[in-house]
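In order of appearance the chains are A, B, C, D, E and F, and numbering begins at 1 in each one.
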Amino acid sequence: MGDTQRLSHFGEAGEPRMVDVGAKNATARTASAHAFVAMPAAVLAALPSNPKGNPMEIARIAGIQAAKRTADLIPLCHTLPLSYVDVRIHTEPGGLRIESEARTLAQTGVEMEALTAAAIAALTVYDMTKALSKAIEIREVYLLEKTGGKSGDYRR
Amino acid sequence: MGDTQRLSHFGEAGEPRMVDVGAKNATARTASAHAFVAMPAAVLAALPSNPKGNPMEIARIAGIQAAKRTADLIPLCHTLPLSYVDVRIHTEPGGLRIESEARTLAQTGVEMEALTAAAIAALTVYDMTKALSKAIEIREVYLLEKTGGKSGDYRR
Amino acid sequence: MGDTQRLSHFGEAGEPRMVDVGAKNATARTASAHAFVAMPAAVLAALPSNPKGNPMEIARIAGIQAAKRTADLIPLCHTLPLSYVDVRIHTEPGGLRIESEARTLAQTGVEMEALTAAAIAALTVYDMTKALSKAIEIREVYLLEKTGGKSGDYRR
Amino acid sequence: MGDTQRLSHFGEAGEPRMVDVGAKNATARTASAHAFVAMPAAVLAALPSNPKGNPMEIARIAGIQAAKRTADLIPLCHTLPLSYVDVRIHTEPGGLRIESEARTLAQTGVEMEALTAAAIAALTVYDMTKALSKAIEIREVYLLEKTGGKSGDYRR
Amino acid sequence: MGDTQRLSHFGEAGEPRMVDVGAKNATARTASAHAFVAMPAAVLAALPSNPKGNPMEIARIAGIQAAKRTADLIPLCHTLPLSYVDVRIHTEPGGLRIESEARTLAQTGVEMEALTAAAIAALTVYDMTKALSKAIEIREVYLLEKTGGKSGDYRR
Amino acid sequence: MGDTQRLSHFGEAGEPRMVDVGAKNATARTASAHAFVAMPAAVLAALPSNPKGNPMEIARIAGIQAAKRTADLIPLCHTLPLSYVDVRIHTEPGGLRIESEARTLAQTGVEMEALTAAAIAALTVYDMTKALSKAIEIREVYLLEKTGGKSGDYRR
């Protein structure tokens, strides 16, 4: 692992620090992330039985709001002006699949914003279903795709 | 699934709502949660090379702070006075194992506080290692144990 | 207006201050509040045309979350442990009627929590409909009812 | 109501989402909003009797601070860098008239920031006068004026 | 320095942690703190020349609000229900003297709440006067007094 | 003191207001600030005895996070996109010396962000050492240096 791969969040003496993005140009950047909330079939079956609302709607909103608070939650993240955040949640056999997307025009990427949206949406689903089962589990929180920035595009 | 297992966060007409905990007694409650951050061996090897600090220390603090903000992040959670929050992070082959613990004297449990602490600690590790690999993944976010409350104790 | 009706948020020298509630007993308290979002018929007609979601659902969640942040928004409010918050939104000719409810076991009342929930729910409706009309107006933000506390119950 | 007037906060399938402003140019934008706090004459008469301070000063500050938190309160609002926020409060027969103003250089408008400032300033007045009367009411929360952006200028 | 004087915020292995206050009784506690903002005479003279408001009023409000957010700012602090917060600011030769006071009924003390109120009030004064001088300095941020709790009362 | 030196945070009628920075150009700006936490020798000696962590690490993180929340704490501050924040803490005879640095590309300076980082880092040290001594004191909170902006560079 070469010098350029040193953990960029740490200074020469190893002190924790925010990466200085001041010399970078603001460019269009996007990121999308994934999470899966695994739950027993009976819990999954109970989700759509609410006539006017369902946990997925609330989880979607919670994810969008959390994306906007990413820098408040992750100590070394930069505050970014998000131009767009979206969270999509689909029912699947075995649980709920969550995909988030974040976009910005900024000096640094929005991976953490997308991941935070997916994770908080997943925790919100957990909160609203936990009375039915303690075996619910959040899995596969990872980056699906990113575009923009010096390190180039990525697709899992 | 009987009537008593209806999703407690939804009213009779299905509208999203906070569970009314006003009639419950405040009792001692604890919860601990788990998360695993899977990462390539080269990334894991780079973690301890910081002489004065390391991502685990920052992640631990981020997790503790996030636990205190759980009700701000999860829409239908109650604000709780936590008497204790702790996050422990251990290096293992394949990644970092995170365990959190939350305690309160309150009318409702602290599962979400423990889970939020573990999840945000995991995201913080992700943030500080993501420059080295895009294959990092957060897995196995689940409840390890809870004590107190009407639904009884639980240990996974 | 007698001495006992002095504005309780101000000290003897008139300085702004928080009311000291330390000598009061914690008792059960509730409050409900009202707001109305007046909008043209065409805007109102567009609301239910969303197959999977609607602004009312998001506004309801925003109101609940705002209630939990009341002390962060209103400078001299006390931080209270809410045991319950609810927001209900109904379509009526001329607009949306919003009713909120907050409950606590505390040394001071929850009027501001209920009013903040109603007001932020109304602003959220405004935000999601403002592209269709600039004549939308929030009206009739008032207390519907309160129970508990030394000043007695009130019903408008 | 044509296709271009669809509620812009909702996707094709009706899911709640933030409007993508990434393709818009950042331009100068302003908005001002209005609110009125109606109160009995006796309550109004008590306001200026504080030698060193008065509720209007605190309400003004609360409104300015709330404007900066608009995106945290209104789920689908974008985080904006406000270049200016102002709140003015005047005593009138029957209550307090509140006018707010917000300015930015951004890809989207500041109507919600101005409205949030006015509404929270009004709630803060309510909080500090509610001990004297339960008949206080917040009315006429509306947009006074906006400039900038594709939809053009507006003056009520 | 004996064993009982070990830094209570660190565990046996030295990991940062919140002190567990779960076994303590909730008792009445108060704390008051001090800060001094030293500034050139010309800056000090400019303060009262504002007919309708002055930096001290805004600083007082900022201090009160900051006290309520102490646990959000200081990582290992517990969230406490403050029953009272007050900030007093006096002009003196050489600068502004700030005294804050916080009260609670809780399992742990409110020293940090009082100190945070004083410090943020001082920073707010700094913000509003910094255009006039860069030599302004915040000094003497310390605890004036505390009452309640196992460690007994203290007066500086 | 001439007219151009009027307190810029106040309008013509003296009302508190945010300075309008809309007409300024966004330029590179930096600021660094200083704070000193004076403590008895015995308390200072206890700091490094923690094998895995120490209060300085936590204080550094708290300072970085606080810098990002400056506009939320200081009422008339603008929200700024910080490109970099750093906090350095050194042990010295008599206490801990804290230096912070903030950088941005914005229409206004980052003095308050640097000062807030230093002050909150100092309060965090205080919190973690206060069990050992009540004589700890925060001193010398001042601006070390600033660059950029119309008022020119400054070095103390």
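Following the convention adopted for this analysis, a contact is a pair of C-beta atoms (placed from the backbone, for glycine too) under 8 Å apart; a residue touches a chain by one contact, two chains touch by 3 or more.
Note that the structure is predicted; figures quoted are calculated from it, not measured.
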Original post:
By label order, what chains touch chain B and chain C together?
Top reply: A, E
Original post:
Among B-F, D-F or D-E, whose interface repeats A-D's (more than half the contact pairs identical)?
Top reply: D-F
Original post:
Any idea how many Å lie between the Cα centroids of chain A and chain C?
Top reply: 31
Original post:
Where the CA atoms of chain C average out and where those of chain D average out, how many Å apart are those spots?
Top reply: 15
**OP:** Send over the residues of chain D in touch with two or more other chains.
**Re:** 15-16, 52-53, 57-58, 61-62, 65, 69, 75-76, 79, 81
Original post:
When you draw the chains as points and link the ones that touch, which shape shows up: line, ring, star, complete, or other?
Top reply: other
Original post:
Quick one: which chain pairs are touching?
Top reply: A-B, A-C, A-D, A-F, B-C, B-E, B-F, C-D, C-E, D-E, D-F, E-F
Subject >> chain C-facing residues of chain A, complex >> reply: 52-53, 57-58, 61-62, 65
Subject >> Residues of chain D that touch chain F when the two form their complex >> reply: 28, 57, 60-61, 64-65, 68-69, 79, 81-86, 88, 103-105
**OP:** Report the residues of chain B in contact with chain C in the complex, numbered from low to high.
**Re:** 11, 15-22, 71-72, 75-76, 78-81, 106-107
Subject >> Residues of chain B defined as touching chain A within the complex >> reply: 1, 5-10, 13-16, 42, 45-47, 49-55, 57-58, 61-62, 65-66, 69, 73-77, 111-112, 115-116, 119-120, 122-124, 126-132, 134-143, 146, 151, 154, 156
